[in-house]
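Just below sit the structures, each encoded as structure tokens.
Below are two complexes that have subunit A in common, paired first with subunit B and then with subunit C.
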Partner chain A sequence: MTIASFVVKNALRNRRRALLTVISVAISCGLLVTLLTLQRELTIPPESEAASLRIIARNKVSLAQPLPSKQLSIIEKIPGVVAVSPFTYFGGNFREETVTSFAQFAVDPVRFKNLIVEGRIADGNYDDFIADRTSCFVGADTMKRYGLKIGDRMRFSGTFYPVDLDLKIAAVFQGTVDDRGVFFHHKLLDELMGNPGTVGTWYIRVASAEISNDVIAKVNDAFANTSAEVRAETERAFQMGFISMLGNVKLLIGSVSTVVVFTLMLVTVSTMSMAVRERFRELAVLKALGFRRRELFSFILAESFGLALVGGALGIFGAWALWTGIDLQKLTNGFLLYFEVTPRIMATGGVVAVFLGIFSSISPSIAVARLSVVQGLKTLD
Partner chain B sequence: MAAEPIVVIRELTKSYLQGDLNVTALNGVSLDIQPGEFVVLMGPSGSGKSTLLHIIAGIDRPTSGSAMIQGINIANLNESQLADWRNQNVGFVFQSFNLIPVLTAAENVELPLLLTDLSSAERRKQVATALELVGLADRGHHRPDQMSGGQQQRVAIARALVTDPALIVADEPTGNLDAKSAGDVLAILQSLSRDAGKTVIMVTHDPKSAAYGSRSLHLEKGEITA
Partner chain C sequence: MALPLKYNYRNVLVRWRSTLSTVLGIALVVAVFVLLRGLARGIESTNGNTGDPRNILVVRKGSQAESGSLVSRDHYRTVQFLDGVARNQAGEPVVSAELVMIVSAARRGAPGDANTLLRGITPRGMELRPQVTLVDGRWFTPGRREVVVARRLAGRFQGFEVGGSFKAGAERLTVVGHFDGTGSAFDSEAWMDADECRSIFDRDMYSSLLLRPTDEAAGKALIEKIQNDKRLSLRAEREVDYYAKQTNTAVPIKYLAGFLGIAMSIGAIFAAMNTMYASVASRTREIGTLRVLGFSRRAVVACFLIEGSFLAMIGGVVGSVLAWAVYAYVVVRGITFGTLDFQSFAETVFQFRVTPDLMLLGVLFSVAIGFAGSLLPALRASRLPVIAALKSL
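Up next, the complex of A and B:
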């Protein structure tokens, strides 16, 4: 026998308790990792740099109200505006799907090219998209998900608009924050709808982030007191408004995580002090045999550390395997895009587990330090 | 008696504060014990037998007076020195065996050796010798719950003598045993003092057990009366 095998035997002596401790630590660490991943997921989009250069202008009344196409020439002339394109949400269902998780937008292909600056053309040719009025420009994630290739056709049935689309894939983009969208010619939509002379929103790129507030004010002012007043805001603000129902998500997740970690501590701490308390007599015997406090501390620390680390590893890698293994994008209809459990998040979980191991051995160690051999021998088993 | 006494106790007192009350467990005990003696401590409950034994064994400290063991005043040792000292010089046998339930007999006996520099082969050899001495050479791989009380107490004796200490202390070692097992345990303790030259100090309530010793001491209200 060695000191190490003695510690292992001690840790596993009450198998059920050891198992319960490991499971509760595993579940809590897994939950913590999941929450941190969710928090990251929900805060990624606003962190795209290119997005802060873009403005979306919509009808002041509501998003569903269209804007007149003739506003284009006015917006174009506003100083600081580098590019502008109509940007109309089609919201159709792909093939036989009842809910389609990626958006389709009608744009002006030539103008739109100057708006998407962060992506790259992964396949096909953007000029083919410009040239063919019935073609579309598709995100790489969508291509991959449906196993599509250049030249394939994508059919959408309108939900918003009483028309259907039949588009030919001309080019594929990749490297934007959300590589799922499908873009097609606004002219096609206009034709199908009988040229109503309206667009959904305007997509505007400004020269620099510093002047975006200025440009927003000018766009708003330009149409003040007209029949179609607009409300312009940064793409970031627009997206945040979209997930405004998530409100103080960061705060919420933060507090839930804190509660999880706290509960986790209570569980492990109480398990460890239980494990030590029921062993008081034995620890007193060990002391009598010549084991010093230092050695008894290290037994306790090794045991709580071992349990916390095994539980933590199970929980952290379990969460990683789970979220890496299942297609959350499909499962949540695109609400969760990447849900990537990053090394940083896993490390955070690991730090919590390590801290837990140390923390839960504090109170038992104090108890053991105080324990006199004579008192310990008097405790009944 | 030619040899130096192994235990020299002078004016030892131990008192406890119980609430406002000062309880005197030992009241000026002086005592010499020679190497190889088998001293039996007797006396009514609460007379201070265990307290005296604990102080001699270095797991409790006196309120005043001195306890010199092999020329060392153990009151002067700090906690960790005292722990080392116990490991090398004292073997403990308790009334309720106090074996570690998750360890086998051999592992229990090996425990105090984990604190020494011995190699695992040397440890195994000493464990085997100790188990053989108590007649349990073939039980090394059994866990405590697979053994009778008498066997468990013999394992405990093996654990007490595996480090080859000069002093073995036993607090009512036969208190939980039937007559036959008690006889076995007492015979082993007797042979340790008689044949191996160990100094054995045993507390007991049973006059028949006392007959195994070489000397009996009677404690009454914290004082030695005979």
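Up next, the complex of A and C:
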């Protein structure tokens, strides 16, 4: 019998306990991975190269305060600005829904074309969108979710604006970080609202990432001390602002994760002590045969390490398979969009499992080291 | 005949190490469960606690929050003179036309801005909200750029202390007092004079109307009248109903609590099973002896079920107390929690609360974990053949 097979036999001698330990470690590791993924989902907006070139300018008072549309000509002339379009959040509810999870924006179709450079037209024709003032440009995910096709109509009832929209789908886009949005003509919104001469925000693209800070400063300065002061920031910073408003979510998930890891530790430590206590006699025999403490310690370590790793692997890959396999976007009504279990998160779970294996063998090993042969042989159970 | 409980009690104490780790594990699971439920409850109670059942709130049809609503001055005038609107001693209709603005302000102690609600309010509006009381400083003077902010907001934003100031648009507003909204949604707001607010933000329209009908029947008729009037396109409902609907914010936290509760309890059930199987295994001879003495299989099952549930219950009690201790710490330190309300796009401040019934729920939850975890081991104990059990070491 080799030492390896001795360890394996020992680990499996109480199959039920081995199984229970592995499952409870697996569940806890799976939970940890899920929590870390949730934290990532809620705190890190999806990043794209094109987004780093875009700036969103809003009213300094708050996002809800509109900006005068005459600012367009001033922003356009700022050096480094490649494209600019009005970008007004409509906030309507689709059909009879009470909470609609995808956003609708009023834009200038011609100018907007130069802003979302990373997207591509998946279906329909962008020129049709430009030509028809009552048409819209829709993300592929939304098309798929509601089973829509080109030429279908989308009706929205306004929650921020006291008007309703009835739009015809002219073109479909794909390949942006969030393929859900619906874009329509700002002119239509202006008309319905009786030409108030305002926009929600400005969506700006700059020539290169290096000059974006410079452009932001220039946009802010251009409207300083006017009746509508502007606050410009990169698209990413803008999204991060929303996340910071979510509040103590990060702290909350962080503390829950810590508790999960701690509970995990308790479970494995107690199982390992149980496993070692019930074979004190054998270990005493091994000692009598001349095995040294170091060797006994490595037996225990190998066993707890093995159990923790098997459990950890099951939990981590189980969570990965689960969250990759099911359509969370549909399940949570768009609240969770990607829920991507990244290699980094899986590695974190793995590290926790390894530490667990080492940690849970410490206290039984000390007990064994202290054990005298005679005492051990006397032990009954 | 049932086994004496003392047998279980002593057994639990003898195996104190595995007992302790099981109890602690369950305690942590229960503490997390109770705290998350407490958070969700805190958000819900903020909105549930707001408003006076007699008041009627009027917003634009289709808008989901006051901040996204527009009510024209014409409509305000029309509503003022509808039948059923109460009059005060001076004979004026008790209607408060208010403006709710979202203002972004710099956070205190953290980088970045967050949105907060600024309410332009009238003296009548303040009379209609008796749950809001001044706790520090004084009320604003109409016609001045002065605000009174909720005391709970003071710790979250820069310049919200009495005597401080912050920028809203091109204007600087001075904080002259703090009010306490007794845990209502108003604890997330800053109040100033309505007309001053309209002039600062150059707004012609109001956001909402709050009014008091003469009596309940008049209130019902008034709601119906406003709702059905096509010219107005306004939505009227009781103030309490309006706030009760604004509870969507708590939904994600509730889901999280539910998901974690299920996942962690499954883990805890397996851990409890492990402990109970071990305790059955090490007591094989005892069980054989008990059976020889005449205790029935059923008595043995009951014995282990009671032991497992009792063990878990101790964990549940410890966990609930732990959750309560966290709550007490938060209350003593005056820590408030804030989250983004997706309907108003402003920060909602809330206080999570751990109530006795939530603690009881936590204990029941732990007993369920203990029961589920000890069922299989108990059945196994009862099925041990007597002779083999006695022979085993």
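Remarks
Convention: the second predicted complex is superposed on the first by the 252 of 381 C-alpha atoms of A that agree within 3 Å, B and C clash if a C-alpha of one lies under 4 Å from a C-alpha of the other, contacts with A are read in each partner's own complex, and residues count from 1 in each chain.
As a convention for this text, contacts are C-beta pairs under 8 Å (C-beta built on N, C-alpha and C of every residue); 3 or more make two chains touch, one makes a residue touch a chain.
Keep in mind the model is a prediction, meaning the values are calculated, not measured.
Contacts of A:285 after superposition: subunit B is touched, whereas subunit C is not reached.
By the touch criterion defined above, A:293 reaches subunit B but does not reach subunit C. With both complexes placed on chain A, subunit A has more residues touched by C than by the other of subunit B and subunit C. Residue contacts after overlaying the shared chain place A:9 against subunit B, while subunit C stays out of touching range. Of the two partner chains placed by superposition, only subunit C is touched by A:99; subunit B is not. With both structures placed on the common chain, the touch criterion links A:27 to subunit C but leaves subunit B unconnected. In the superposition on chain A, A:374 contacts subunit B only, with no contact to subunit C.
The intersection of subunit A residues touching subunit B with those touching subunit C, taken from the two complexes, comprises 381. On subunit A, the positions that touch subunit B within their shared complex are 1-3, 6, 9-10, 12-13, 281-282, 285-295, 372-374, 377, 381.
Remark: subunit C residues 17-18, 21-22, 24-25, 28-29, 31-32, 36, 39, 60-64, 67-68, 70, 101-104, 107, 110-115, 168-170, 201-202, 233, 248, 252, 255-256, 260, 263-264, 266-268, 270-271, 273-275, 277-278, 281-282, 337-340, 345, 347, 393 touch subunit A in the complex.
Put simply, subunit B touches subunit A in their complex at residues 54, 57, 59-60, 79-80, 83-84, 86-88, 92, 94, 96, 98, 100-103, 107, 110-112, 114-115, 120, 159.
Taken in their complex, subunit A has these residues touching subunit C: 14, 16-17, 20-21, 23-24, 27-28, 30-31, 34, 38, 60-65, 91, 99, 157-160, 162, 164, 225, 227, 229, 231, 240-242, 244-249, 252, 256, 259-260, 262-264, 266-267, 269-271, 273-274, 278, 332, 335, 380-381.
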